[in-house]
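Chain naming follows the written order as A, B, C and D, and within any one chain the residues start at number 1.
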Amino acid sequence: MKRAVHNKRLEQKIFKEIRKEVLNSWPTGRQVNLKEAINFHHHLPEGKVSPKKLAKGKEKGDIFVQPRAGVALREEQITLLRSFEKAGADFLPTTIDSYTRQNRYEEAELGILESKKLGRSMLNGYPAVNEGVWKCREIIESTKVPVEIRHGTPDARLLAEITMAAGFTDFEGGGISYNIPYSKNISLEESISNWQYVDRLVGWYQENGAIINRESFGPLTGTLVPPSISHSVSIIEALLAAEQGVKSVTLGYGQCGNLVQDVAAIRSLTSLAEEFLSDFGYRNILITTAFHQWMGGFPKNEARASGVISWGAVAGSLAKANKIISKTVHEALGVPTKEANISGIKITKQIVNMLKDQEFFSREALEEEIRIIKEETRCILKKVIELGKGDIAIGTILAFKEGFVDIPFAPNRFNVGKVLPVRDNNGAVRLLNPGNLPFTKEILNFHRIKIEERAKRENRRASLQMVIDDIYAIGKGMLVGRPRTGESYED
Amino acid sequence: MKRAVHNKRLEQKIFKEIRKEVLNSWPTGRQVNLKEAINFHHHLPEGKVSPKKLAKGKEKGDIFVQPRAGVALREEQITLLRSFEKAGADFLPTTIDSYTRQNRYEEAELGILESKKLGRSMLNGYPAVNEGVWKCREIIESTKVPVEIRHGTPDARLLAEITMAAGFTDFEGGGISYNIPYSKNISLEESISNWQYVDRLVGWYQENGAIINRESFGPLTGTLVPPSISHSVSIIEALLAAEQGVKSVTLGYGQCGNLVQDVAAIRSLTSLAEEFLSDFGYRNILITTAFHQWMGGFPKNEARASGVISWGAVAGSLAKANKIISKTVHEALGVPTKEANISGIKITKQIVNMLKDQEFFSREALEEEIRIIKEETRCILKKVIELGKGDIAIGTILAFKEGFVDIPFAPNRFNVGKVLPVRDNNGAVRLLNPGNLPFTKEILNFHRIKIEERAKRENRRASLQMVIDDIYAIGKGMLVGRPRTGESYED
Amino acid sequence: MPARQGEMEKIALVIGVIGADVHAIGNKILEDAFSQAGFKVVNIGVLSSQKEFIQAAIKSKAQAIIVSSLYGHAEMDCSGMRQRCIEAGLDNILLYIGGNIVVGKQRWEEVEARFKELGFDRVYPPGTSPSKAIKDLREDLKMESKGYKNGGWR
Amino acid sequence: MPARQGEMEKIALVIGVIGADVHAIGNKILEDAFSQAGFKVVNIGVLSSQKEFIQAAIKSKAQAIIVSSLYGHAEMDCSGMRQRCIEAGLDNILLYIGGNIVVGKQRWEEVEARFKELGFDRVYPPGTSPSKAIKDLREDLKMESKGYKNGGWR
């Protein structure tokens, strides 16, 4: 069913109509019983409820650690999560497989069967929809800390219905961040509208006393995404969620690699979100941040990979993010084993703990960087609001069309894809081609100067080759993709 | 032979007399032929000569990486070193076994035999003296970068003779740093005098056109040693070396764990050394720094250990040390395997490379910390100079006697051992008991206030228990040893 | 005397990312790499089905189909592909695959064997540089002897 | 009624670090731990020979010798130690050892067996907490039944 998209709370009547369709789209949908679900949520111990744990942690200044993980079979998934809990994970994940993300449940079914037959996971995640409410609930019942659904699903309505009914209290994604990097042909109208449904469902739980956290997927394509672009997306998704009644939002951000930029990004993110939420009159919303350790290409060598993981833990700790999402030493190879994932958690925990009492930042450099990020984000968001005449949903759709919001390297055809990022001489991500981003002359100049500095140092023109070098750089042991130096690097 | 110790260049005549004794103390001593050795050094390619590589690196701002490693058998040692070189080590080590360090060559011989018999290394290092000049030289001939002798030998005269004749161009240690933490009954008179011999030998090579670097062992007991104490020792050793004609010194420093303190320590170290060397009129000396990754107790878990290694790499990189000495994930367990050592190198390299283009420090905090370290170090060194009436050797011996220089936790009975360090609330190492360190009231106050802050936060008195908690802390995954928090930590 | 490149018609390749896979970065780089190496590249992008690969290959008269799969489901997504190529009349078309083609870290020899079994001519482990595939293409398509110059890529 | 601790004479232990080993930190902590647990601790420190351990034990009438070795040479340093204890008349003295007692990371079962072979009653892997040894001492010396109260350490 197609609807014109506005940033307006979904009416109960329409919500119910759509709901029927959603729950009928796959047999397990019929297992959803909201009354029973609310009751189950009410009886969850506090430590298992994500927004409660986040609120407490925020107050105490805790930095939580959460891995990613999903396998085809439930028993294995439970074993995984339990071992992560033992290893010190503060939040647990259930990562959904790629067929489910594309609503291809038949293929997911095949994946489950194949996995059982071959005795190894043939799916890159947990097929929660095929499993249904009761099987998913076993996961909640076998763990002691909040479990979040992590995925990448443009249309996550059924997934949300099933997993929230099962007792999950945290749900990642949004109409932009789970569409543009994750699909090719799906329009923003469609995905935003579908995610309004998800947010409304969360709002509905909220109104019935069951609070669920919503998290934006800040890293987007994971590849050289400048903070202001991902901040804009996260804040738009927070505004969209707030309108539907969501009261707890986590804003995601993917490490860029330059420490000043990363610390500035996390510190500016909360204050920007507060600014815009309050401008729009949304009150009493718990805002937290999630810092993703490096989301781009990893080194294959495991020692090098643990260096990258550690560096993420350092940046997340010094930035004082509320949560760090950990990577593993198998990142460049394939879905990690339990052991690899545990080691990612432990590396991260070790660093978080060693750094939690330390303050360290260069005030001037940091303030400059914060100023830039804030100004850029405001440029983008003001444009969005202007285009939508105050309606953020409409504004977003129009802004993407014009490339005023534009996500580097995204596969989706509704993304203009003109923006080309590149690192500056200190490794901060800047814009080689700003595309149509609605930045001021001053900002555009700032980027140009920063990139020029690097070009000069490297004695070459800033070009696509420089971008490609940067994409490979961390995988090859560097941050900045310098022209080949002859350093003979061996894995 | 006992001599009264002064900080005066050893006369050639006396040097020669001692030399006979030294070379006769074990059969391999007779292999040393200085003329042949000088000739060999002259023909070493530049890349294999430590001071040359250090000078170049310092100019370019390189941060070099060096592991530690020594095994009983030469073939294995060579295999080890070659694999480190391949893994990216910029400097190589040859770590000497503990019998050799105590001049117990008979036991070292037994260790070699047992190792051959059992097919596994029964020694914790390479027995270079027993091996002799020609076998040691095989090491130099099979590698392409400078190799340093790392040990912990109060009387290293024969070791120096043999390894320098073999072609090693870097030699760690000093009359204080290789005595106080490494022996029980050896006086400073004895060790300083023996190390004057070593320095004179280096001076002699220097005068004959073969430059060799001398490195102080900054970490001392590796356990909560405040920067000003280790800086004082490093600078004294640099002064003693300079007097004997050494022209290239590396000053060592062991990571404390608090980033501001560690960065401040490295930045102050070079400038302090320049200050004192020039005060005493020693000119044209190349000064570089070596940053040791955490030297105290490590976590047993390998993932956690890689977190600690990474944190050391981060601190060393941000401090811009000239060289980082890497640890391994086997640290808490035993002498590392080749693989563990390589992973330590790679973790470190990955981080060094990712950070090398980044500047990041809080100016105010850093400057305050630099000021404190400098003032403390000056207090100590001025006292030493005063006591020795300008003679740094005599002053050192007297100062140790009075506890004006005092190394925490050292086993040597000529060390007063009153000083008790503890971490402050941000994890910087401060003094719970300053013993007789000749600090100003202001400085003593500063320490008191810092520690009080922590005591208050932890709601307990600052006591020995707090120190013990700190000693265990990093091994248990923390930096500051907080009273038990109930965090259930699993390895 | 062999014709010089540029005067000769370029050899066409179809590239794309198969199945429900959206990993777009490597695909963009491969397009750049194969183009620079002198091929005519038809890039059907991410989320592509077997059918889309085959249709594009027919339309462009491609001599090779280069499948990327990063997300781990390649075994399922590629099953029957060689058969469908033959049915569509692409009897001799080269089939290459690379990326992170299985779920998790597995023994490479076994993985390679499974994909050879599925009909792929060349199977590449994680992180293989595009230049490797370019070299193999030149060999498998006997381009040297047909007078194609080496385009080269980084 | 058993006497209360404090009124009873404390049981003496000799502790020290054997061989050419200078690791002093753990030794200082062990001294503190065993003292707090109610033992009379004779600490001969680092760089101690078998002979020094045995003489100290004779002099202090110790019921146990607690050897630390951190640096990896314990196998060589401890060879013949049980024999020498017996020769010195310390027939029933307990011998414990702990620290990092072999070179490198080795299979613990084998290491333990080798040291049991050397005559040690208890052999501890790296990083064992002092409290473990205290518990074992209380057991091996039947201190409970002799009325010694549990001193406890952290």
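By definition in this document, a residue touches a chain if its C-beta (ideal position, glycine included) is under 8 Å from a C-beta of that chain, and two chains touch if they have at least 3 such contacts.
Small disclaimer: the values here were computed from a predicted structure and weren't measured.
Asker: Where the contacts of subunit A and subunit C overlap, which chains show up?
Answerer: Shared contacts of subunit A and subunit C: no chain.
Asker: From the mean C-alpha coordinate of subunit B to that of subunit D, what's the distance rounded to whole Å?
Answerer: 31
Asker: Could you tell me the distance, in whole angstrom, between the mean C-alpha positions of subunit C and subunit D?
Answerer: Their C-alpha centroids are separated by 67 Å.
Asker: Rounded to a whole Å, what is the gap between the Cα centroids of subunit A and subunit B?
Answerer: 45
Asker: For subunit B versus subunit C, what separation do you get between their C-alpha means, in angstrom?
Answerer: 54
Asker: Could you pull out the residues of subunit D that touch at least 2 other chains?
Answerer: none
Asker: Line, ring, star, complete or other: which describes how these chains touch one another?
Answerer: Contact pattern: an open line, chains touching in sequence.
Asker: Give every touching pair of chains, nothing left out.
Answerer: A-B, A-C, B-D
Asker: In the complex, go through subunit A and note every residue touching subunit B.
Answerer: 86-88, 257-260, 299, 301-304, 306-311, 313-314, 342-351, 353-355, 357-365, 425-427, 474, 477-480, 487, 489-490
Asker: Within the complex, which stretch of subunit A touches subunit C?
Answerer: Those residues of subunit A that touch subunit C are 98-99, 101-102, 104, 107, 110-111, 114, 120-124, 152, 181-185, 221, 223, 296-297, 300, 330, 332-337, 340, 409-411, 464, 468, 471, 475.
Asker: Spell out the residues on subunit C that touch subunit A in their complex, using ranges where they run on.
Answerer: 19-22, 24-25, 28-29, 32, 45-47, 71-73, 75-76, 100, 102-106, 126-127
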